[in-house]
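For reference, the structures are reproduced in the following blocks.
What follows is a pair of complexes built around chain A, which joins chain B in one and chain C in the other.
And then the complex of A and B:
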């Protein structure tokens, strides 16, 4: 007899808030991706297909803010998701601790790198 | 290491890819996980290659010229298809997690799969004919 679990929820080793954050960031990603897509392909004339287009696009003040929010949501969602996949492989306690630290570092490094890149593009537009 | 054991090992591995006799929910879960891994790979690849923007116009426009080849466009189509499925299925999982539409979740899955396939087809046609 197979147990059927009709709904999903936090798995063992996954904190409720981490699980909740995964859902909330997922929802925000869908919304931001939709806006990002419509703006990039329909509002920006002919799409953002050159360096000059991208620099001009980032001169709109809301764009860098939106992209930074998008970056944080996507990176968090990806890393929390990857961690929950690893939880299914039943890692030992020390392995999980190492993964927690590693993923936190990767997350922080990715966001710093992304914000730096966005700031470079914005500065090219204002120069 | 008899030939027989080897053979059964291979068929066991193939069994892993055999969708027959599995729950719809299991298929939804497997697809969710495969697309998750693909999208995560793409995310970090995307962040790395966008670093070309910092190198200036020549580097970035040269990079864009490279990714116009059909193999990269096909890769982008896979990202679109994975994104569509993962996003739509995520809405379903999110809803059912909070006890919403639990009895209708199979029906929702068939609908979202249809939308994802149709959407990917439309994108594919647009991407390869534009």
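And then the complex of A and C:
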């Protein structure tokens, strides 16, 4: 019988940990979105309708932490998902390596920018 | 007096390809009984119109899995697909070979790699009688642990799930739904060596959960659910290994 050897692919392809991270971040996104909607519509009195309301809301210590976590989960989930789609286009190994680095940089830059933005909003509340 | 027409006139537009020549479609206008099957019409083309038409078929009752084709762009086992279900009187049926397999000739595709992969995950084409655990007349309805036997043994290896799979369309190295479902049925607990076959970059993590395989499976094998179950098994093994 002709046997096919399993392709022991390089680590740059799809793998368990990326898949698992995508699933876990997806679950956390749903959870945090749920908390976000409940707080905005049912907990905050009258809803967060004005800029001042939002700034005041960010003064609650858990809120910026939650927003930063949400940012990290969304960025990770989106970039891993986009990478999965790009894999369907069968990029060459060098191209995939470049994509991995590009997405890592985009992810880090997005999170740094987001954290800075949240920090700015929080600091305006304390002014 | 019944007004139901017992004969319909339909056009069959059939994919043709021979050797290195460019593919094209042949059209055949035929009188058919709408309660006939699509395979009957294809056989009649071969018998009365064009003996050079090549296609696979054998059992005519959805057991051999040989006659899987695209009927109007959808994977169908043509031996159990009624003409009335895919066309109306005066309409056209477009017949193509399965996707994601190399075409040998006309409607015949090369499934040898697929069959080899099925054997690789323990789903053999032929099982010697001596190795059969229980005779068919003695098969229990329960696996003994309270769970009913599932139906993967009913996989007829028609390849239609591979044809419908969007990942197989982009990557011929992807193992594909039937093979991963076969590995799930063989069981990682019974065959631990299957782990390195399925847990790799062209294995079960590539599935995008489109569930097209399950939608077209003529035998209710539900390959997509089996891929998800295999993921659950591998995830469980990974974490157990971490804390061992």
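To be clear about the criterion, the second predicted complex is superposed on the first by the 115 of 127 C-alpha atoms of A that agree within 3 Å, B and C clash if a C-alpha of one lies under 4 Å from a C-alpha of the other, contacts with A are read in each partner's own complex, and residues count from 1 in each chain.
Assume contacts are C-beta pairs under 8 Å (C-beta built on N, C-alpha and C of every residue); 3 or more make two chains touch, one makes a residue touch a chain.
The structure presented is a predicted model; accordingly, all values stated were derived computationally and were not measured.
Looking at the shared chain after the overlay, A:101 reaches neither chain B nor chain C. Of the two partner chains placed around the shared chain by superposition, chain B is the only one that A:27 touches, whereas chain C remains out of contact.
Of the two partner chains placed around the shared chain by superposition, chain B is the only one that A:78 touches, whereas chain C remains out of contact. By the document's definition of touching, of the two partners only chain C reaches A:15; chain B does not. With both structures placed on the common chain, the touch criterion links A:117 to chain B but leaves chain C unconnected.
Of the two partner chains, chain C is the only one that A:90 touches; chain B does not reach it. If you count the residues of chain A touched by chain B and by chain C, you find the higher number for B. For the contact definition in use here, the residues of chain A common to its chain B contact set and its chain C contact set are 4, 6-9. For chain A in complex with chain B, the residues that touch the partner chain are 4, 6-9, 23, 26-27, 29-30, 33, 49-52, 54, 74-75, 78, 81-82, 85, 110, 113-114, 117, 120-121. Taken in their complex, chain A has these residues touching chain C: 1-4, 6-10, 13-16, 18-20, 84, 87-90. Taken together, the chain B residues at the contact with chain A in this complex read 25, 33, 36-37, 39-40, 43-44, 47, 50-51, 53-54, 56-57, 60-61, 64, 83, 87, 90-91, 93-94, 96-97, 99, 102, 105.
Chain contact summary for the complex, chain C toward chain A: residues 113, 116-117, 119-120, 166-167, 170-171, 173, 196-197, 199-203, 205-206, 208, 231, 234-235, 238.
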